[in-house]
């Protein structure tokens, strides 16, 4: 008799064991091609990530892999074990990049199940994981927590796992690669973007004027390249019946990357490193053809070291209407959507807190 | 008097000489960018091709270029001399990858005309070629035969060829790079995909659940990158009048790559090398916007060496309907379409036999 | 009180100072990924730019970055300071590539304001700049002049510039990398494309038969990768109100690249280097979905050195109708559109003069 199998991956609520660590099976060498495909969608003005000269001028041995690419790889690698059945991605917290990853490094990721609970309606649950991305030497290059909404029960057709004999350190270490620990040497060049640490004051609001329309092919290429295996992003047949939008939806990590890139000429042009992301959420979904825009609010500014300081921004991404127009209409752009009693901004697609190490002029 | 030329390439039936070898003019260094663009469309779970760590753990000096990319380059390089006038690509046979190609290698290809004959209607013909892809040292990295349907007569505007003083070895050598000849060392990592050699039994059918919708830009980018010069894939003006579909059609080598990638988490996650493809055909064409799915049937399993064995799959690719649904409707999925008296599966876009070297658990 | 800023970049007519040099802030390492993305849109037959073997055979140390990619980077890097507010790109002149750029080089660009003047209607002006692209050692790898049509007045929300303490040499040096100065060694291979220096005669017209349809994602990816920051290419919301086409328009440097690539099998298959482009203009715009075609006319042929000679082509790009059909209808294809009293070719999207160093058979 013919044995017909239809393997499915990801987990439903009862498939998760609190305390378990899943070693995600993907094993990928990051190369210059990935960097270019990332740069072809996300026009990031932060010099360290784009220029070997700029990177070496701050003490790194080469141009590092963009932290946002690492975050996207971490999320995507984890889909196979964590969220391939998920209904929604709910939150990012405590995202950090404690060491530089370079092209040529080979990456893996694992996820620790921190918690899980059914939602009050009882027909689904929230799972809370911490994902860590390490290179071929076991060096931690990205760590973050996220929450996802998953269906109840179990995935019937899930093949038995290969052994997951991995452990995660209890708390990930600092927020800055060790190469960037000392005082910051002066910039390697004349000219450059205008927005140094000195240019920001707490309370400043910046509406970033240029938007980016999302291409149908490009978001699928990125999801595929990242090894994101959720059919919602690339399988139109699945999406017609199973997507809230009745069509393919852009992977949230890409939406976040677009919004950070759109803000970058105004906020990160004198940037040196991403000190972390926190309190991130996706209030609504994005489709191919949507145009994304960004706005930033300065919520903290601190001296960090000789030649540089940190600035913390609250970043908001919206679709199809420039944020300046929304502010003119009185939109409450920077209050988190979750828990808003009124004034929900239906155009909002992402909100997150980002801390950057920026060069100082003074 | 003005001399107006309108050069055209490829060959019609009378342009082919049996026994001739055409040295295709393309001369291309394969780089990490090509690997990434390939990985951005084809999410392949086979670790050797994606991870330098995994590749070195089996004895290769670096992550090799995906065999499927080599096959695609070979087909595409040959279009200029062989199939730029072709009406259809009919068959692939005896595809093998006897040596590893690495990023940085520079590739050329040549095609030997094995045979040609008019079809019975007399208004077209079938040409049968063997194409070989070699690196800068003349090392054979890919060999295959294919058949194409071409118009009768000659291409009037074809410029005279540069000399083709190349020879092909009579029969291509083995199916495995010499670095992989010895016993297979244990895997380099904990965890990984579940489907080892031990998990397959002859007769097993696997329907791969996730599909992939094809982007308009991405399939044109790949055809262009591969140096496929047939206007059917990228020239909408040509295609409106000359394509069977009245629009651009996705290059068949890409369709094959999508279908193999869609099957890969369930069949190739413990894969080490592609031992060959055979008896491949494209029963119908694929357009941008179509969603591809795959199904596999295990047709042979053999012990090959210490730590690994070979499994031979019959793979089928279909469009816009998941294979599980087709099987539920009683579709005869795994019988070749050519020569079927009845029960033709109109959704089928590719069928091929693939042999993989897979790790064993036992 | 909240300070809301909406920074805008580029310059309007009164923002330009004749004699000023703007050091563009982008600082980008060119990598194999950029080369592959470029090759995935522009199928260029010129061997030097695609093959390490071919490049080394003429004395270069590696496969160089395509000159057309350098020109595109130069134009795009300058948008932030020069043309982000521009209404139209009017002309390219004196484009040259005096040194080879290799993958791994880090590029910057600067623009010297050569002149500016209001147009007669008084509601806009023309700015004329010379842009230079240099590598990490200050070596000039691309120089060109261009003219753009800009609005009158000033950009109110433009942040104050970082200091631009850069100087440009008065006149860029030669047209050939020093590695290519000596006699040309024979080709590294048997076979290759047919069109050597010997095959062209002044007055020859060549209609290139295969067209290329432009993908929506791919042209946005390229504009983003190049760091072109004009919203016209990627921001559909902006374009609906501010584009002449009421939708996104393809960056002209890409249109030029497509047209040169479409001509390349017939003109550049025996090419060694681009000796320069001149008298270039874009008579009309191109949108995603348009199909581009090319035609060439030989306007000069000279002996240049042992083994090679130069050929100068007048190249024309048209959209959605093959040039052979336009010629059959009596179109005056090779007369520049600007200043034509009658017989304007409305399908024409680019025209430019290109000089190539080509191998000789004799």
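Observations
Order as written gives the chain letters A, B and C; numbering starts at 1 within each chain.
The rule is simple: contacts are C-beta pairs under 8 Å (C-beta built on N, C-alpha and C of every residue); 3 or more make two chains touch, one makes a residue touch a chain.
The chain lineup, named per UniProt: A, B, C = MaoC family dehydratase.
Note that the coordinates shown come from a computational prediction; the quantities given were computed from them, not determined experimentally.
Superposing the C-alpha atoms of chain A onto those of chain B requires a rotation of 120 degrees, given to the nearest 5. Both copies, chain B and chain C, contribute mostly unmatched positions to the interface they share, with under half of the numbers common to the two. Chain geometry summary: the mean Cα position of chain B and that of chain C are 35 Å apart.
Residue positions of chain B with contacts to 2 or more other chains are 31-34, 36-37, 103, 215-218, 221. Contact residues on chain B toward chain C in their complex (touch as defined above): 2-9, 22-29, 31-34, 36-37, 80, 103-104, 106, 108, 110, 136, 157, 159-166, 215-218, 220-222, 224-225, 227, 229, 231, 234-238, 248. Note for the complex: chain A touches chain C at residues 31-37, 39-43, 45, 47, 50-54, 63, 103, 189-195, 199, 201, 203-213, 215-218, 221, 265-266, 269, 289, 291, 293, 320-322, 324, 327.
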